[in-house]
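Quick one: this structure, given as structure tokens, is what I'll be asking you about.
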Amino acid sequence: MIKVGIVGGTGYTGVELLRLLAQHPEVELTAITSRGEAGTPVADMFPSLRGRVALKFSDPKDAPLDRCDVVFFATPNGIAMQQAAALLAAGVRIVDLAADFRIKDVAVWEKWYGMTHAAPELVAEAVYGLPEVNRERIRGARLVANPGCYPTAAQLGFLPLIEAGCVDAGSLIADCKSGVSGAGRKAETHILFSEASDNFKAYGVPGHRHLPEIRQGLALASGKDVGLTFVPHLTPMIRGIHATLYARITREEDVQTLFEKRYAGEPFVDVLPPKSHPETRSVRASNTCRIAIHRPQGGDVLVVLSVIDNLVKGAAGQAVHNMNLMFGFGECVGLTQLPVLP
Amino acid sequence: MIKVGIVGGTGYTGVELLRLLAQHPEVELTAITSRGEAGTPVADMFPSLRGRVALKFSDPKDAPLDRCDVVFFATPNGIAMQQAAALLAAGVRIVDLAADFRIKDVAVWEKWYGMTHAAPELVAEAVYGLPEVNRERIRGARLVANPGCYPTAAQLGFLPLIEAGCVDAGSLIADCKSGVSGAGRKAETHILFSEASDNFKAYGVPGHRHLPEIRQGLALASGKDVGLTFVPHLTPMIRGIHATLYARITREEDVQTLFEKRYAGEPFVDVLPPKSHPETRSVRASNTCRIAIHRPQGGDVLVVLSVIDNLVKGAAGQAVHNMNLMFGFGECVGLTQLPVLP
Amino acid sequence: MIKVGIVGGTGYTGVELLRLLAQHPEVELTAITSRGEAGTPVADMFPSLRGRVALKFSDPKDAPLDRCDVVFFATPNGIAMQQAAALLAAGVRIVDLAADFRIKDVAVWEKWYGMTHAAPELVAEAVYGLPEVNRERIRGARLVANPGCYPTAAQLGFLPLIEAGCVDAGSLIADCKSGVSGAGRKAETHILFSEASDNFKAYGVPGHRHLPEIRQGLALASGKDVGLTFVPHLTPMIRGIHATLYARITREEDVQTLFEKRYAGEPFVDVLPPKSHPETRSVRASNTCRIAIHRPQGGDVLVVLSVIDNLVKGAAGQAVHNMNLMFGFGECVGLTQLPVLP
Amino acid sequence: MIKVGIVGGTGYTGVELLRLLAQHPEVELTAITSRGEAGTPVADMFPSLRGRVALKFSDPKDAPLDRCDVVFFATPNGIAMQQAAALLAAGVRIVDLAADFRIKDVAVWEKWYGMTHAAPELVAEAVYGLPEVNRERIRGARLVANPGCYPTAAQLGFLPLIEAGCVDAGSLIADCKSGVSGAGRKAETHILFSEASDNFKAYGVPGHRHLPEIRQGLALASGKDVGLTFVPHLTPMIRGIHATLYARITREEDVQTLFEKRYAGEPFVDVLPPKSHPETRSVRASNTCRIAIHRPQGGDVLVVLSVIDNLVKGAAGQAVHNMNLMFGFGECVGLTQLPVLP
């Protein structure tokens, strides 16, 4: 049993962490902080947790975070970078679900996130928490930067092709669709039910913060810069990301086998048979990424379809997976719930 | 470990049973039948089960159902009554998720279900599988009639009042709203996405089959016939039942305490604090029923709000609960998944 | 052609007024105010109006409202009562879509709305704008209080029974379901897509502001106080109200004929044939109220089903209907668009 | 006034035609056929039309189609080609909303649609009914092949670029998302509410019938074959198509101006200002196509966003537009309803 703290537990990532951690046999939920809700029982805000989570939100100042073995930051960008150094100094390990430590080039991070980085010295140490890429380094990490939701779906879909070097890495396209929970639990007009339902739109086409994150991951795999057009879309569903990925073939390759081999040992990546069309609901509430590969009309364009639950494999579930690696638990412990369908 | 069979596994009740049973530590899934899908791996039809359920659908003729310890019928009405006697004779216990054995008065059943009952001699033996009422009898039952979804939500909401005799049992009103999965996975026009979404309607107002079932349960609790108006509505959500129940007070009573005491030991009924409004999503994908009681404006009408997930507490989850009772497992084994929210 | 102004045009009621008025042949849209959006072209905020509405939002201080023939208030409660006297003095007629002038008993209004009424002297003059009740008085009115959405659906469903005196007016129940747009276009957490979709809940059971409004209307029709239990529910659809109304029969009456006669001449009330179940989408985006009457199982409870589009017949459409009456236009002018289905 | 007939009026395209034609001042609805529903009043099947459409469905054999001025085919593929010759011979003009006459190469058509063409001699005569391309030829046409929904959105988005020759026509990508009504009103499992809502998936990636139609249109504009990857997706909304189009720049061009000039006189194409993200709801229930153009990060890929209502501009509305052209009515007559938002 390890002691676990959560900073910022009132958003969707926070409540999803609570759902998963409350069912994790190796975890003792020790503290959850919220400035605005200090003193409120967690289960008053989220009645789905009634009878199962007895914790109250505590003020960040009073929370015994430094006595935890690991602290999850489920906060807006820019919070974890202010508190990480002190916690690490106290011997606490950290999984940051926000973007503070994802981008290795601090200047790039500051440009896209519009603020000065408060802990640039920790950026190099932080391990990008995509287990399918960095499994061994995560085991030993003090500070894990949990990937974004779009970057998880897009990288898992592109990586086998990029690593094999069989597509043009200069002209990749990622057309991605996200459920509305990806926008968080903030009271904003554009994600109201009456705005977002029975409606579909692209957003952030000129530039979205997940673009440099995906580009960095693919460049590392490729060994050189990649050219990527990334268009996210707001989709009238609660959970789910569907990445439709386009890449031009530069060398013939049995791509189905390529993907199957790449992910053969991965507990949370499922390569579907040829001609499959994965649905987002096939991974709803689970930590699985399902992938299918197509070559339409035998042409020179590959289409990869990659689906995840943005709150699980795209956030809280992957964070728990990282925790499992960091503490030597079985990788799937606490993450075996089957998808909820329908 | 017990051997478990499912008859009719291609509907929503069937796939939900699979989701729950595949995660149940005491269960070995042994057979699942489907005339139309014989030979198809279950996970081909429901990719959410890939890697976790290796079973194929088998033809009913070939399935080794008689070697099971328990068989669930997730079939349309009228199937279980034809096969129950043979299975019971073979020593197999049965949980029927359809309506064949729910109504004790065979003539009433035949009128509402429009067919002749094929096994009237088993109706008396069958135990109505509402554990909050029949726990002890379920433990010893060979044949359990799993309650309908509306009847579960409505009875749990009315029972404390009826048992206490503090409301007019002659003028009860149950205004119930169900998610569309309650209509099953049949290809029918009125439950198409483009018909049922962004839309709301009542149906079956002249008479719905769950009316006699609710009336029977309340009459048993009351000791006399009850007067009940029951109006079901089709609601644009996948899962969930919300029963809004109206009863006229005939004797002053602390109803909050009444409910809390009635359900004090129940693992799957959660009485909310006064002034609460339970949401269906607070029980999504879980076996819990949440209930709140109101007395608007201090008048003489009580309003009880009762929510369940129609596929879990209203079907597959309650069936697993019944199985747990029948085989002496802990009541909550395999049913501890937290609700999925959002 | 009359000159029309709108105060507060950034909410759903406002944009719906714009949609209807922009297509109205007798209307010249002259001014629309918004403190926060002054200077912004209306079509920049609502691209659906591009090319059809050239108006910009203007600051309330600068808007030429006093040169309008009629001004619609599509504002939060408490605004119209502050500005009505000056506009009336300038010869401008008013339709208030908020609640300021709906309740005749100022003390009751102040209790339910939690503020002191700023123009109690105008309350008596104001005409309650339900054309099916007050048609003649509306024609001559300077100040019309446009009914609430729930009150429109509930009153139209109950009125024939109450006027005929054939039901127990002391034990009425109105179980009402509203689309989320009824909660307005405010950025509030509980109406976010990820909170309100795939979910259903009651709210305001202890007391909702539309309760005294419905009660007032029915009491006027009845000639005495009525007993009403009113439970509103938030439904995962954008538009639509479905009122399920329960009344106990006290005198036998051919209720189908009663309703058909009551609404025989009404252009916007459609009494369906017996055994019908009106869907909210059958009136989507139109000014029609459709009603069906049931007597389940031949018992002593009548069930009336009444559906409207909350933004049209429940708000903007009824306001335009009132304007048509006030200015002697044909009642249906500008309101003939057919419902959008699917 | 012209006499109008509809063959196959029980699907979504049919009821949408009825909605538009019932409000068209130059149209007398004369006949609507349905084999299965002969004798049923149209308004019994679609209560949204009650009081406005008095027509009954008639058996195809008895319907006075040959006395109509124009007949719309809102039928499955393969019906219009069997009946067109006889109607044309009787002097009736035809708008086919199905695919029978869209593809000029009969062999290609037969391969994609899996049947022998019954009227190959009419294929050459048929005019492809995209008014933005073929306006003048439509005016004189006897037989108009109304474009598919995806092809309308995709072609309008690509055409200015292809006509200008400023992008690589060999590597176009159309990532398209459709509301579920695009799949029709057939009782099929995969479009049930509980399957399609809160879910997202691609389909037909190996090859969709609209691929050759889009390719044909772009090839005509380009003067040579084009390379196109087309991926359609099923989106949990009722109406709407969102095409996200990718093209590689081969020659610098002021694309914003290019689009604005190309569609300057078009009543139903709206080019949005730079940096816009059109929403499908901004055209809901209207005949408008809204388009925005992006060049993310100043790279060499253009992203065009094109939205339509699949049932209006993608089907029935465009058909009425074509009728207006064929009979010399104003182009916008009967098509001026504003989009319904929210």
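Labels A, B, C and D are assigned to the chains in the order they are written; within every chain, residues are numbered from 1.
Please note the rule applied: contacts are C-beta pairs under 8 Å (C-beta built on N, C-alpha and C of every residue); 3 or more make two chains touch, one makes a residue touch a chain.
If you're wondering where the values come from, they're calculated on a predicted model, not measured in any experiment.
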Selected interface, C-D versus B-D, where C-beta contact pairs are more numerous: C-D
Identity of the chain that, by mean CA position, is farthest from chain D: B
Separation of chain B from chain C, taking each centre as the mean of its C-alpha atoms, in whole Å: 39
Chain C and chain D, separation of their C-alpha mean positions in angstrom: 36
Averaged-CA centre spacing for the pair chain D and chain B, given as whole angstrom: 45
Chain A residues counted as touching two or more neighbouring chains: 12, 179, 181, 185, 194-195, 197-198, 236, 238-239, 278-279, 281, 284, 342
Chain A contact footprint on chain C (complex, rising order): 12, 179-181, 185, 187-189, 191-198, 236, 238
List of chain B residues in touch with chain A within their complex: 12, 15, 19, 22-23, 46-52, 181, 185, 197-198, 238-239, 270, 272, 276, 278-279, 281-286, 290, 311, 336-342
Complex contact set, residues of chain C against chain B: 171, 173, 175, 177, 179, 194-195, 197-203, 205-207, 211, 227, 229-231, 233, 235-240, 242, 244, 246, 248, 275, 277-281, 284, 294, 296-297, 299, 301, 303, 305, 307, 342
